[in-house]
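Next, two complexes with subunit A in common: one pairs it with subunit B, the other with subunit C.
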Partner chain A sequence: MGDNKFIFPSEEWIEKYEEVLNASKEYEDAAYDWEGDFVFEIEPDGEIIKESIRFYLDLWHGKCRSARMAGANDTAEFTYAGPYKNWKLLFDKKIDPIKGLMQRKFKLGKGNDMGKIMRYTKAAMELVNATTKVPTKFLDE
Partner chain B sequence: MSWEYDIPKIVFGEDAIEELNRLKGNSAFLVTDGVINKLGLVEKVVQILSDNQWNIAVWDCAEQDPRVSSVREAAEGMRNFCADIIVALGGGSVMDTAKAAWALYAQPDMDLTALNPFEELGVREKAKLICIPTTSGTGSEVTKAVVIREDESGRKFATINPELVPDLAILDPYFVKDLPKNLTAWTGMDALTHAVEAYTSSWKNAFSDACTMKAVKMVFEWLPKSVADTSDMDARGKMQVAACLAGMAFSNSQVALAHSLGHSLGSVLRLHHGMSVGMALPYTIEYCCTDEDTAKYYAELAAIIGIVGKKPETVARKFAEAIRVLMEKIDSPTSLKAAKVTKKKFKEGLNKLVEYAMMDAAITMSPRNTDSNIIKRIYMAMFDGEPIDF
Partner chain C sequence: MFGYRGKILRVNLSSQDISEMALDQDVAREFIGGIGLAASILYDMVDKDTDPLGPNNPLLILNGPFCGTMIPTGSKAAMCSKSPQTDLWGHSIFGGHFGANLKFAGYDGILIEGSSEKPCYILVDDSNVEVRNAEHLWGRNTEETWDTLKEETGLRNAGVARIGLAGENLVRYACVCVDHYRAAGRTGMGAVMGSKKLKAIVVNGTDRNVPVADPDGLNELAKSLNESLSEDPTFNMYSELGNAGYVDMASMMYGSLPAGYYTVSDFDSYNLSGTTMRETILVGKSACYRCPIGCGRVIEIKEGKYATGRFAGPEYEVIGSMGTLILTNDLEAVTFTAKQMELLGIDFISGGSTIALAYYLFKEGRITAKDLDGITPEWGESDSALALLAKIAKREGVGNIMAEGSLAFAKKHGCEELAAQVNGLEMPMHDPRGFSGMAIGYATSPRGACHMTADMYNVQMGQTNEALGIESQNRFTNEAEITAKQQNLRCVTNSLLICHYYPALAEELVEFIQKTTGWKDYSVEQLAESGERIFTLLRLFNLKMGYRTENERLPEIVLSPLEGPTEGYVPDVDEMLDTWYQFRGWDRKTGMPPKKRIKELGLSSFIQ
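Entry: the complex of A and B
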């Protein structure tokens, strides 16, 4: 981490993300009564990402209680998954998190409670906005 | 990044209703409401379908701001009747009822509050949907959007699904000839709000921009005429087209903050949808125009109605004022006070207004970010009729 940037994906990145998210007044406001955990999954692309890389986020009342790298068997109430190149575009705000789902660039886990998600679209947006506040260096840069 | 532009076939103009003669199928389920039925508009549709040997069921129980339970009843009717065509004849609430019921017809076990843009519904395996609007504002006849109300809380929720774009929209001025002045005004403001928000939404695109620009021009030109003289069928026909263009625009680029605020006003204070979003529109323009790019977009729209200037933000604020002038001309309230909302009722409902607006999906499309405190301040400005300067 020589240039004050955090390599994505990595343990240090998710630690920084947790810090940024917990400092986000916008997220806290939008998710003030949210209760539920998330897994962000970077799907393998056969080139840069050989195996799925997953982040676990325990989100509770506008705060992130814990964030860590997750294993293949870690489950959460919600999963948001997509290939590495799309995560990069998401962080760069070239993909909108909701439009990205409609464009099939990302997918939600089967059986996720869509009624709940639809009531917290602003919170979901702020979750993504927080990623852009982490100084990030991508694996292939 | 690729995107898509979903619209139905549109037949418009005098006698456009004759298009019903070309439909193929056996069982037509007509969704409408009691008022439309009493006005005799249902008879005209039923006559054409009967002449073509359709089996017809008329369900005229659609309610304003439809609740989930009401939609379920309509879906049950479709299922029992084995409808292969659904005809929605009415305003936005009727068409939204039909669209949401269409989804439930295909997916009977679905939780309607979980209806979302991402899942496949398979609605066309069950039936096709034809929409015949009797108001000029909602644009629902061409959109993938529905707005439904939760039974328990009364919260209105808006969502989209690409499959819910109707198959055919019939814009026949005959069906808006009896629309009273106040509804003409409010639904017209709904159309303008769709257009302006589509043009500044974060999903805007060239196709929706084109529809928007024409819609804005037409609303400013034809809405006052349509309200002033309810027998001006030319003006009414033009407003039908304007509303449809605005619907095509926002269906493919989305609405934003004015709709979040307006949906919440409908939920909590039970104000008319078009009146609510139209009232919110100038305040949201004033709030969002501090963003440089967004101010330019507003200035582009302002230029269409002859407002120009060097500084986009200043032009945007003049555009907001021009919208208020338009509302005054058509007797649509520009503040909650003017809409006869009492201070007591407003204060009692304020926290709920903010909570529901924050939950509304359209808020994510706002070109300038918001939070609950800002939403509260905008509502307070709306109550007093004070322009936004923060």
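Entry: the complex of A and C
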């Protein structure tokens, strides 16, 4: 950690993110009956990210029950994946999670339930909003 | 001539003459098919004085060059005519298997002129074409008509386009139901058929070998694109949830699904979404010809007040117009209402919106039960909507004025500004306060308030077409220039007749065009020009019909700020019109494109 910022992605960043998310009333309200886990995947781009980096979030009734870096074999009900530059756009709120999908900047895992995602678009927005509350230093900064 | 059959069937219902007209290859390249080609043909056949419901208003049904080929979702067809709702250009695009059958029968289209003395239907069985008596079908609903025609022709897989009671009674927003409840819903094509005493058109074609320039290349391209688009979120959403899958997002995230006749911002539409449908009444899916998506829903309600056997499930627009717009979130009630509309042959959008206006005016005390033949509509209940629907279809009592549309109904009660319409066509369920592009799109659309000639909600949610400069930055800013580009693109896709739900990029469309037609030099630039040519032609058509730029505005009902996801945004249509006209280089006062550009686009023969 440098300048009181957490490097994204890292265990420390995810730990802080879990804390911020669990303090978010907005997220709690939007996801009060959500049940399901996520793997967020930063795809390799050959420049900043050489191999895919994944982290796992167990989300349950408006809270994050656990968050950690994940390995290649970790699975979850949903996978949301995109290259590093697009994660930066997302965290900067230049795109939103749904817009990211529409613009093909992100993709959902094969067979993931679109209906369930559609139901919780507000919660998805709050998941992203929470990232902006984590002081973040990106790998290429 | 690759991609085309080179001929259009011509049926005169007054004289009963049946003939064919040749399709010129150069004309096909200029105007492609669908709405572009139709406008180029109809321009000389109608004028300002043509009664849209008179025998001199022809009805032209065209398919496009992709139709009947392996191109996914490319087999739609368009019904075009002067619109009885707007007195301007009218078209409605529909799916199903009708278009492909027409192509397999050897035709690029059917031009229907005149009107029959007695109810009739047209039967096209390959090259055998007949006009048959339909007196036994007159007065019957669209389901009975479909069943009877399949039975009596013995053509169980034929494409069948038919009208219900609303079309017969010239309800101005009567639709045409096609095959398994796809519909030519907008601009009153059902009323045009009704005015011709034309109950139905049955088309059966057997020659599936539509000639294309590069069959192997086309096959490969279609396969690879299908594969890559299978990861596309909209593709998946429409496939898994139908277009009702958009309900949650539209209401919760964008506030673009209007509620309480455009006055309510926090209506809970959770129970109406495609996801709820999947969890409750959905029993199957249906798909149009060569469609890998299959957005059509099949539902069944086993018991209760709204019990119904297997039928088409409600789609996004009717969930809005007969659900959120009247503050009903009872999915079974909306489903049942939608079914009645389909049986009667009433456009979901215009019909639903006109009825919702009655609810609103009643709630506001501007009309009473006396004005509604004793009906007392209250937010949240559907019985009044069902009662009004029956009256509208028969033009009985208050149904007679409501059959003229929401503008006529509002005018009668002295509140024209409360009718959510442009040029007489009711707004679809995409509130312009949720997406600025919808505002300018509605104001300048060739066919009134229309979401299919500029689906800016898709663009402002993130759909891009980089090669055409289509990429939104902010849904609450003036993106009139992007809207104009999207209008041009839609003129091309509505002429190719490929479904909007298939999110192909301009480059991909160009490849499809090249491999189908053999126009090897066709480029993205030419695609953009084709779009501009067709959009310009539609404007010239409308100017000939008496189009007035004063009507390029939105009614007051959608210009009050709302809280919630629209964030209080109200579109500045005037500012956007400035940008739009400047980009197009047209005269804002007269609405006229400059003669120089008209000439460059090859449209000189379309100037009056």
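Please note the rule applied: the second predicted complex is superposed on the first by the 141 of 141 C-alpha atoms of A that agree within 3 Å, B and C clash if a C-alpha of one lies under 4 Å from a C-alpha of the other, contacts with A are read in each partner's own complex, and residues count from 1 in each chain.
Here is the rule we use: a contact is a pair of C-beta atoms (placed from the backbone, for glycine too) under 8 Å apart; a residue touches a chain by one contact, two chains touch by 3 or more.
Remember, predicted model here, so these are calculated numbers, not experimental data.
The superposed arrangement places subunit B and subunit C in clashing positions on subunit A. Shared-chain residue A:Asp29: touches subunit B; no touch with subunit C.
Look at A:Lys110: by the touch rule set out above, it reaches subunit C but stays clear of subunit B. When subunit B and subunit C are set side by side, the one touching more residues of subunit A is B. The single stretch of subunit C with clashing C-alpha atoms against subunit B, selected from 40-48, 220-228 or 454-462, is 454-462. The interface of subunit A with subunit B overlaps its interface with subunit C at residues 95, 98-99, 101-103, 107-108, 113-115, 118-119, 121-122, 125.
Those residues of subunit B that touch subunit A in the complex are listed here as 1-3, 111, 113-119, 157, 159, 162, 202-203, 358-359, 361, 363-364, 369, 371-373. Considering their complex, residues 231-234, 236-237, 240-241, 245-246, 248-249, 252-253, 270, 273-275, 278, 458, 461-464 of subunit C touch subunit A.
Contacts from subunit A toward subunit C in the complex involve residues 95, 98-104, 107-108, 110, 113-116, 118-119, 121-122, 125. Listing the residues of subunit A that touch subunit B in their complex gives 25-26, 29-30, 89, 94-96, 98-99, 101-103, 105, 107-108, 113-115, 117-122, 124-125.
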